[in-house]
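Take a look at the structures listed below.
Look at the two complexes coming up: subunit A is in both, with subunit B in one and subunit C in the other.
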Partner chain A sequence: MSARILNRDELLRLIDEAARDRRLIGPVRRGERTFYEAADRAAELDLDGPQCVYSPKAHFFPPEETLLTFERKSRSFVTHPVRHETPTALVAVRPCEIHGIRLLDHVFGAAPADEGYLARRRATFIIALDCFRPCRDEAFCGDLGTNTAHLGFDLMIRRLSDPEEGSRGAERFELTSATEDGASLLSRAGLGRTADRADLDAVRAYERSKASAFPRRLSCEADRLPEVAQRGYTSTVWERTAARCYSCGSCNLVCPTCYCFNLRDEVSLDGKSGARVREWDGCQLREFAVVAGGHNFRAAPAERLRHRVMRKASWIAQRTGLPGCVGCGRCDRACTAKISLVEILNTLAREQDHDHAGHS
Partner chain B sequence: MKPRIAVFSLTSCEGCSLAILELEDQLLEILGAVDIVNFREGMTERSWDIDVAFVDGAVSTPHDEEEIRRIRERCRTLVAIGACACLGGVNTLKHDPARPDYRCVVYGDRADWFPTTRARPLSAVVKVDAELPGCPMVKEEFLELVRCLLNGRQFRLPPNPVCTECKKLGNPCLYERGEFCLGPLTRAGCRAICPSFGSVCEACRGLVDGEALRAGREVFNTQYVVPWEEVVARLRLYGAVCENAEPVAAPAAGGGS
Partner chain C sequence: MTTLDTLELPETKDPYEPVVARLIETEPLTELERLFVFEPSDGQVLGHRPGQFVQVWIPGVGEAPISICSSPTRGRTFELCVRRVGEVTSHLHRLTAGEEIGVRGPLGNGFDMTAMQGQNVLVIAGGLGLAPARSVIEYVLDERARFDEFHVLYGARSPAEVLFRHDLIRWRHREAINLLVTVDRPDEQWRGRSGVVTKLFADLPRLNPERTCAVVIGPPVMFKFVVVELLARGIPHDRIFCSLERRMRCGIGKCGHCQINADYVCVDGPVFTYERMRELPEAVT
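Let's turn to the complex of A and B:
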């Protein structure tokens, strides 16, 4: 289905239409920040604000969830799976976050599939919002090409008019669909008009303007990252940087592509019933790689830091073909020790350039 | 037979004992599973035949010391509850060598009638089997410990810092507001209650471990204008680090006093 052009009022009506039989979740402003939270109407959402503090990962993969309950019946246990799936319209998801969700889809969808995750995912209608400008200094999505997404959503909004220019009444939004659900909603709602020649010119101008708006922060090309990371395995950057790592795991927990979890069983006072709970885990946490018997395979902070960077820059991409890092910059922002993924990668690239120069 | 449980208080506000009574929804269930045989805040009967003793408060007077030794002899499992029993708590503020006059301010010219010692955690005096830190202790954690004891399961405190709980709750980080929260250094388990209400963590649950302290010193010496000494001073409020001790110094050789 071809693109449709909507003004702001029509866009809000379209979102409300998507949320007619669904719970609405989108960026809600709290002070200077926005968070993905439930709202009653599209008008309550902040479609012009900054990147949300947290990615929408928690919507599909909650920080803590009960997977099943169990009870003792005579000599055996009976288990009851717990499923939580509420039809949801998830609105104004940024391209980098769409790439993060695609990775989660790959990981939780691979056999043995995580039915709870997939059920929530299927019950969610995603309206993405393209980024016209970088959302914050820490972002390096422009380097990774994750500032744009072509699939992984139902509808995509592109704002053809710069919000800082002109009045809101003159605003134009281009709506495209990537799924049948998206196309069907767009045609059923019958809002706006089909794109005309002037709109297509505006789309081209939008794309040109966007291409030059995202600064490059990585000093090497994105497709060299796996090699740069691997060759940096024995660098001293890990020890030097990890000296100030608290091992607090904040970088993991805010990352749209981190999907590790821990399972624990909660048992009632009388021991007759309980629940199996899944909670977020992270490879920077001190006990992440502890195995039965107590051995820790990555006891040193430097080993843990290297592990994370290897996964983000190399291993996930090698295994899945999808970006292990989407360049949202949340890890750098969340680090109270000011450890920067971009700085580490640039340090590795620089060290290797020096090595290369030294040997030639 | 139901386990016989007792609750005692040394030098403290007894708020942790009260936290047990605040488990209102679970209290009947707990009473169905255990016998409470000695609990000053909750009953008049007293028995010294005890399986599990929960003790709040620091060992801060010669009397406290006698009391905790006696409790240790009379129970099988000793659990320290709250910042005072686990770390010494706010009682350790009296160690400040610059203020020898504290006792006189409180007790006037009769200060000598009330001898005190250095405020110490229970573990400095007797063997402690489990600790439930926090000011006050986290009552849900108390309940989890009781569940573990009754079911023969191992109880462990969360091995991670408070930051993990803020992230799971979706809290904005207080460092972004320019505030110096002790969350990265402090043991989780409180559901980040202070940052969740906009206040910095004050480390009432103690350090998560020595490694975080080493990292903290590096972070504050290289990344922030706030001097590390100020961070350490704040860590002293509940005794998360001891007075004067440069916190991660190697243990003194010899061990003589």
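Let's turn to the complex of A and C:
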């Protein structure tokens, strides 16, 4: 299905159409900030606002969820599986977040598959919103190539006119589909028109302008990150930087590619029934690597910081072939101690350049 | 008429859904450790490999990863040796025969017994490490013709902490196994060897390093010293198999808790070759 060109009014109608049999989740503004939250109508969403504080992962990987319930019998028990498959339209998801979702799909979909997660994901219709410039200073998606996504969504919106320049009337949005569900909604809704020559020119101008709109922030090429991180394993940057880390886990909380979790039991007051619950966990929290008996395999903040950065820059990519960090910059922004992932990576790259220069 | 649309497709097995296992019998091994004999209650077989583990679930309390200490060659039951250290294990210790618990597994890679076929097998176990080692020892004894020489070195801290006494006596009286036992801190009654487990290497015959596989299971401090001994005897890095312990939660390579550098103990391990461990600085700390 070829691209459709919609004006703003038509775009909102399309989103409402997508949400007709689904709950609608998208950027909702609260003060200066936006959050992926439930809305009744597309008009309530802020499609032009800043990056949402949290990534949208919570809407198919909730911070806390019941995996199964159980009842205790006198000397045994029975369990009941729990499934949550609320059809959801997730709207205005940014390319970096699409890359984050693809990683979560890979991890939870790998055998043995997490059927609860997959059920939620299958019930999620994603309308992505492309970025034509960085959404914040901390972002380095342009370096990683995660500022663009070609799959992992149903529909993609590209805003061909800059909202700050063009008048509202001249606003144009290009809609393309990446799935059959997306294509079928687009044709069923029958909104907008097919792209004409002027639209195609606008698309080319959009792509040209986007190509130069993302400044380079990494001091090495993105494909060298796994190697830079590996070679930096024994660097002093971990100690130096972690000296001001509060081990609060804010970086884990906001990250689109953090998916570590804990499992625990909840029991009713009479003790006869309960639930097995999954909740988010974070590798920066002190107890994350404590084993039975009390030994902590990563007791020092420096070890935990290194663990997070190694996962993001190297290990996840090694295991999955997908980027472990999507460059959204949320962790830098969320850090109360102003610890910057980009700065750590650049420091490692710089140290290694010096080493190299010293040896040659 | 039945069409494809009306056929009920079977639900995929939920990896968090435990199977029910019934406790057949239990006996104390030491002050802190008990042996539990379980049977999957739906007539199934666990179908494990030596060195694998299960997530034991006490509904309302939680899960704990426990190594299987019996060999799959021993029928429908499976055995767990459990040290009382936390909430789940304390509840386990209060179970009585006939009670049912939840079990997920078998999980992890286990030992590659096929790779050891035709080779000398040298097992070095320290402390609670004898529990997973027992699954290997019984397996080799039950399939004895498939392996060459069989040596087992076991070290416990004190005579009171020696595990599986009945098994040790039984094994010692079989010619098919050379079993050496030591304790770090002997008492007046102890008539066996004393000292750390590495001292037992002095009593081993010469082994052809190219035809020997080593199985190492014990506390982290033991690994370093045992590996030094094995390397001194020329055993290749890829034939030293170590079993590591971490805080496994999901057991299926997702939750992140048991990660050692790039690897997950629950799916890439718990058995790692020394060759791989050299790539994992966090493996023995």
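Some notes on this structure:
Following the convention adopted for this analysis, the second predicted complex is superposed on the first by the 358 of 360 C-alpha atoms of A that agree within 3 Å, B and C clash if a C-alpha of one lies under 4 Å from a C-alpha of the other, contacts with A are read in each partner's own complex, and residues count from 1 in each chain.
Operating definition for what follows: a residue touches a chain if its C-beta (ideal position, glycine included) is under 8 Å from a C-beta of that chain, and two chains touch if they have at least 3 such contacts.
Here the structure is a predicted model, which is why all the values come from computation and not from measurement.
Of the two partner chains placed by superposition, only subunit C is touched by A:W315; subunit B is not.
In the superposed pair of complexes, A:V53 makes contact with subunit B only, with no contact to subunit C. In the superposition on chain A, A:P81 makes contact with subunit C only, not with subunit B.
Note on subunit A: of its two partners subunit C and subunit B, the one contacting more of its residues is C.
When the shared chain is aligned, subunit B and subunit C each come close enough to touch A:V267. When the two complexes are overlaid on their common chain A, residue A:A202 makes contact with neither subunit B nor subunit C. In the superposed model, A:C331 lies in contact with neither subunit B nor subunit C. Look at A:A178: by the touch rule set out above, it reaches neither subunit B nor subunit C. In the superposed model, A:L285 makes contact with subunit B only, not with subunit C. Counting contacts as defined above, subunit A residues 267, 271 meet subunit B in one complex and subunit C in the other. Contacts from subunit A toward subunit C in the complex involve residues 67-68, 70, 72, 75-77, 79, 81, 107-108, 110, 112-116, 233, 259-265, 267, 271, 274, 276, 278, 281, 283, 288-293, 297-298, 307, 310-311, 314-315, 318-319. Of all residues in subunit C, those touching subunit A in their complex are 11-18, 20, 59-64, 85-86, 89, 98-100, 102, 245-247, 249-250, 252-257, 259-262, 281-282, 285.
Listing the residues of subunit A that touch subunit B in their complex gives 30, 33, 35, 53-54, 58, 63-64, 243-250, 253-254, 266-271, 279-280, 282, 285-287, 301, 333-334, 336-338. On subunit B, the positions that touch subunit A within their shared complex are 26, 29-30, 32-33, 144, 146-147, 150-151, 153, 159-161, 163-164, 167-170, 172-173, 175-176, 181, 183-185, 209, 211-212, 214-216, 218-219, 222-223.
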